[in-house]
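Letters are used for the chains, namely A, B, C, D and E, taken in the order the chains are written, and counting of residues starts over at 1 for each.
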Amino acid sequence: MTDPFLILDLLLAGAVIALAVATLTVRDLFAAIVLFIVLGLLSALAWVRLSAPDVALAEAAIGTGVTGALLLKTLHHLRYVAGTLGEQTAHGVTPVTPVPMSVIWANAAFCGLITLGLAIAFLDAPLGGPGFDALVADAIPASGVDHGVTAVLLNFRSYDTLMEVVVLLAAVIAVWQIERGLSEAPSPDLSVIWQGFARLTLPAIVVVGTYLLWKGSEAPGGAFQGGAVLAAVGILLLLSRLYVPRPAHRALARWGFVLGTGVFAGVALLVTGGGRVTFEYPPEHAKTLILLIEGLVTVSIAVTLAALFHGREPVAVRAKEARHDA
Amino acid sequence: MTPDLIYGLTGIAVFAIGLTGALCAQDRLRRVLALKLCSLGAGFLLVVAAWREPPAAPDPVPHALVITGIVVMISATAVALALIRRLQSLEAEDDD
Amino acid sequence: MMLDLIAASLVVFGTVFFIAGTVGLLRFPDIYCRLHALTKADGLGLALVALGMTLKAESFGEVFRIVLIWFFVALASATCGHLIAAYARQADREGKA
Amino acid sequence: MTIDAMTLTLFLPLFGAMAAFVFPRVATGIGLVTVVATCGAVWLLALEVLKAGAVVTPLGGWEAPLGIALRADGLSLAMLAMTSGVGLLVSLGALDALRDLRQRQYFWPLWLLLLTGMNGVYLGTDIFNLYVMIEVIALAAVGLTVLSGTKEALRAGLEYMYASILGALLFLMGVGFVYLHLGRLDFAGLLEAEPSGALSAALALMLVGLLLKTALFPLHFWLPAAHANATAPASALLSGLVVKAALYIFLRLTTYVPLPDEILVALIGALGAGAVLWGGVQALRAERLKLLVAWSTVVQIGLIFIAFARAGQVGLTESWKAAALLILAHGVAKAAMFLAAGRIKDEVGHDIIRDLDRAEVRPTLAQFTFALAAISIIGLPPSLGFIGKWSLMEGAMAAGYWHWVAITMIGTLLSVAYFSRVFAGFLRFDRVRGPVGEHQGWALADVAPLTLAIASISLGLMAAPILSFIELGYALGVTP
Amino acid sequence: MTDMPLLPLFILLTSLLASPILFALPERAANLRTSINLGVAAIKVALVAWLGWKVSQGVVYDVRFTVLPGLDFKLQADPLALLFVSLSAILWLITTVYSVGYLESGSHRARFFGFFSLCVAATVGVAMAGNLFTFLIFYELLTLATYPLVIHRGSAEALRAGRIYLIYTLAGGLVLLLGTLGLWIVAGTTDFVPGGILADVAAEQRLVAQMLFVVLVGAVGVKAALFPFHAWLPIAMVAPAPVSALLHAVAVVKAGAFGIMRIVYEIFGIETAQALGMTAPLAALAAITIIFGSLKAITQDDIKKRLAYSTVSQVSYITLGVALASPIAAVGALAHLIHQGLMKITMFMAAGNLAEGLGVKKVSQMNGVGRAMPGTMLAFTAAALAMIGLPPLAGFVSKWYLAQGGLDAGAVWVVALLLGSSLLNAIYFLPMLYRAWFRDGTETEAAPARQRIGWMLAAPPITTALMVLAVGGFANAPFSPLEWTRFVVAIEYQE
């Protein structure tokens, strides 16, 4: 073995695959979600090994952190509705019939075949092969930022990024639409200690989130990671009941969701003219504009993710109406 | 043997596991988990594809794509979970 | 050289505590004991590892960040431990009643 | 600030969606204005394309492959025009169909986001960008599917969501393989690609993902319930427009990277044939009107894939046009049909086919609209559907592929059979007590579907200009 | 030169545009509906007359626009088209009067007249189609527009009949589509050209041309009720009387027969068709249908069904005349297209009057109806006698030419066939006449149902009966159908 890190790589890879299998096979759903969270964190670690700290941060914060919170909240809701709170169940909704061994083997064989086919194709491709490396290197100086990933996200492929924020917007609209009038499972009664913890950590998280955002132009970090960390603030606030959404906040929330998208798209349009096309920031203002966009997009992402966690639109639902609506 | 090879195959395996789970899972929540595995596998593949033998820096474009993919995936997950919650409530009401 | 040795042994000690904590998690009979093993042993393990890392730090800023990480992890694990214990006790009571 | 028409077609609905979401009270007004304005933008773009053949904008000033370029040619414009045109009429139909304030205030932002996503697909030239766009479409479409809030709709919506996510992830995995092989993600790169294992895997993953999204048999399992249980305008959008986005990507991909294998081509054709037969039989058995219409979508998608299958075969490179015509025809006719079905359901109070003839109220205008749309979907002259079927059969016969001809004909007969069940329900009177008024149940809301249905028939007479238009800037083997 | 090149289009549009207006009219606006109906029908007759005048002056009409590259939507007004157009225009006017009277108290009148108008538009389109592609369009439109009329009564029986009708005709349409596509592929055009367009193809790919012949003629043979595709016609008789009268005597079955003419004369060319060896089997099939239809007619007790089987038999005279490949027989065939239309529409309207006025629907109930409804029954009698072929009535003229054509083509069996068929005609028509005039009606149950019928029901059959007499009696006058027929045949046979 030439590189001792390869042992780490192999261990990590083995753990990732084992966790993936375990996530789907472990009986208790709560355990499955926890295993999934561990899997996400280990994947993030692997991605750090692959020199992708931005991606690792995003995965840890959004793909694992916020997603994990969402999954657990949902599981809580399902168990509350089913009256199985505090039990270990293999199902959230419908009772699961035991799976015969033959099906399991068939699944394994199917999974193996897919892996095999894709692996052959993967080995066929040139590793470390062609890419955008040279193009990015050439274009970075004109992009207004120094960090490659941020340059790609907010300049070279800013269109994708705008649409990504649009996806987030679509999600929150859809969730509000789906959950209107949904009566909520009461959140667990968290003690004073939790509230103290929240009070203590919240300012620090805000600082970290802002730092990640600010740092994004030159080092790993940026709007999405920062936004996710700030969303954690929102989630903590919601869980600790330090903040309770009220119907009056609805309009503000709507503005909060569209703020980032609106400014992003607006800037993209405003810079046009004089031979410049959409999204073509004038080089002398590029950094300012990108920072402006990133800042506001961060706010929107944070608000949106927190809203996705909270779920239903904060409306005053009278008990009778809720019943009828459902 | 290089890290990209190891993690590339890992990613493919995770994707395949997720795919199998998505097709076979009986429980709604478990299916979401399976789909998350697929997305993780795809993330692995792109991160691996961006990797270059050090000291060369990796290609930032796939990294940006994976970040986008992660955000897209959480949006989709949130919607799916909202559907599951709502549906469960409706079905529970019917049972009453 | 001396510093390296101290740092390394601190990290190794820390790891030992981690392993002990993990064994406890797997082998102890009920949730309170497990929690006990996890929070105490892991807290100490983390502190030792962090301490070892600070000795190897290149700047004061790095030391500061390591300390910050330790502080928040300790805070979080204490809170979580409390929450889990409280939740388990509540569930136990309801089960008995 | 000088904004080009292409950007406008994308950003207008986006801003409209945001405005409609932020100001829910005036969402309807904002929505209508936006859709009309989008139609205007498409018109401007059409003028440019007519002049130049194809229009390209490298967004951010970064040329592909580093940046993302928007490109409009005849085909993409035909899709855009269909989307905004059908969208406008469905929007008008929605004015009446959505009576619940809360439904309305969510319908508009979701529908406008859907429009953004679809316009983005038709202008996109970068496969990762297409992935993001199909996700925009998916989330908005699921939101629309469950607009009615019924349990059935939610169940169907969840299945749809799973299928959508899985399809998108398969596509994303394919994108990963394309990057591995090529190091770039634009269409031009695909066109120059050397065949390899990685490229085949990429193509297989992407195509399967798209098949799942377009619901080609046997991956159609999610479609009938989703389209049947949504509210009528949502069904019209889902069935008429949304499945077309994935079909369009499929068409683009298979023309830039021709399907490598005869067997693969035959497989796609066989699946199309399976869709035609299975969907037809299911439509014959469907108990509810909207479910029948949804199954007929499965059939039509199968027919379109039969055209695709031929597009991959040597000497039949022109048959993509048949596919394009069928896509356009189905888009217009199916939107009309779902809106009409919704109107019938509104007036009669249910949409159980067996009991349609018990109704004392016969919304004749909506029924007439339904029948007109059925003419186009069955493929009777002179509708656009007929022209599409004609082109498909012409190509297949000229090349001696008699099995495709036979499948098409069987499909036509099946569709006659299942639609005549509905007509019988419309026109039978001996099970009603009391007089039946022919002119009851007419409403202003019938205008939108009727216009669509008439368009689906009369566009057939305009097939020649449509054909010459979709060929603009779309030459095979030419870098986009 | 022509001062109005779009005249054929206008003729098409009169009834096409009238139909949405008729649909939209409220049920109670009966007077307005009648005015529109009659007005449009009259305008159409006037336009057709004008067209006829212009065409006889040698003006050539050709309205076309491109639908697909190389494929045109084409309307033309050649003499053959004119023959059929004038028949449908005039009979539409008469039947409209009849329908107004017939449906006076019925329901769904808006829908009825809307589709009725659409049917006529389709028939006119079939007549004036300049190529097979256009023909196909209107042929299918005809199917679709007649379906709601067939099931107009909305009963379970009507719907079953409608389904059978739809399956037969749409399947036929699908086969026609197949044939048209095949023609388009092998010939590169679908235009109707006197003398045909397939001479070269037939020489090189004989088998392909033969298959094409079978497919195309088989497809239109469904509407022409050619054996064994005739089953839909008697079943479709559940439709209201005006529908049976106009559509199943004139529009639909004639569209099929007309299609056979177009295909044999102007797609294949009579010489090519003969060379392909396809005319003899077609003639045989026609002969079988003639005898079969007549035999079936004898066994029917339902008046309309008896008439329907008679139609099956009589329409095949046209096919026979075409298939004999002799100019004289062709004159007979074309003349029969007109004559049979006039005769059959008279009889159907009379049958409708019997049902309306006396509740008589079966042959066995016809005792003494002649005294109860003398006008109607006189018309019926004239038409029946003409149908049997009593000289100098219309049916005799066409049969005479057919027989001569048979001799001309060296097929002596045709004379025997015609004699036999006339005998069978007599067997199933004469008992009806006998019952009507010579049996005492007081013993029938129908008498109590007796009610007076209005002039709108009584006049049309008498008018058409007079026309039957006229076209037979003045067969050789200028502008009579027979004369015009000779003119057409001269073109088709390129003499």
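Just a few scattered comments:
We adopt the following convention: a residue touches a chain if its C-beta (ideal position, glycine included) is under 8 Å from a C-beta of that chain, and two chains touch if they have at least 3 such contacts.
Being a predicted model, the structure only gives us computed values, none of them experimental.
With contact taken as defined at the outset, there is no chain that touches chain C as well as chain E. The chains that touch chain A as well as chain C do not exist here; no chain meets both. A comparison of C-alpha centroids places D closest to the centre of the full protein. Among the inter-chain contacts, the highest number of C-beta pairs connects A-B.
Centre-to-centre, using mean CA coordinates, chain C is 56 Å away from chain D. Averaged C-alpha coordinates give centres for chain A and chain D that are 31 Å from one another. Chain B and chain E have Cα centroids separated by 68 Å. Centre to centre, using the average C-alpha position, chain B and chain C are separated by 30 Å. Touching of two or more other chains is recorded for residues 118, 122, 127, 131-132, 136, 156-157, 160, 164, 167, 170-171, 174, 178 of chain A. Residue positions of chain D touching 2 or more other chains, listed in rising order: 66, 128, 132, 135, 139, 142-143, 146, 154, 157, 173, 177, 179-180, 183. The set of chain B residues touching two or more other chains comprises 15, 18-19, 28, 39, 45, 49, 59, 61-62, 65, 68, 72-73, 75-76, 79, 83-84, 86-87, 90-91. Chain pairs that touch one another, listed by label: A-B, A-C, A-D, B-D, D-E. Per the touch definition, chain A reaches chain D in the complex via residues 117-118, 120-122, 124-127, 129-132, 135-136, 139, 155-160, 163-164, 166-167, 169-171, 173-174, 176-178, 180, 251, 254-255, 257-258, 261-262, 265, 268-270, 272-274, 276-281, 325. If you check the complex, the residues on chain A that touch chain C are 86, 188, 190-191, 193-194, 197, 200-201, 204. Taken together, the chain D residues at the contact with chain E in this complex read 364, 368, 375, 380-382, 387, 390-391, 393-394, 397-398, 405, 409, 412-413, 416-417, 420, 423-424, 427-430, 435-439, 460-461, 463-464, 467.
Taken together, the chain D residues at the contact with chain B in this complex read 66, 128, 131-132, 135, 138-139, 142-143, 146, 151, 154-155, 157-158, 161-162, 164-166, 168-170, 172-173, 175-177, 179-180, 183. The touching residues of chain B, when paired with chain D in their complex, are 15, 18-19, 22, 28, 31, 35, 38-39, 41-42, 45-46, 49, 59, 61-62, 65, 68-69, 72-73, 75-76, 79-80, 83-84, 86-87, 90-91, 94.
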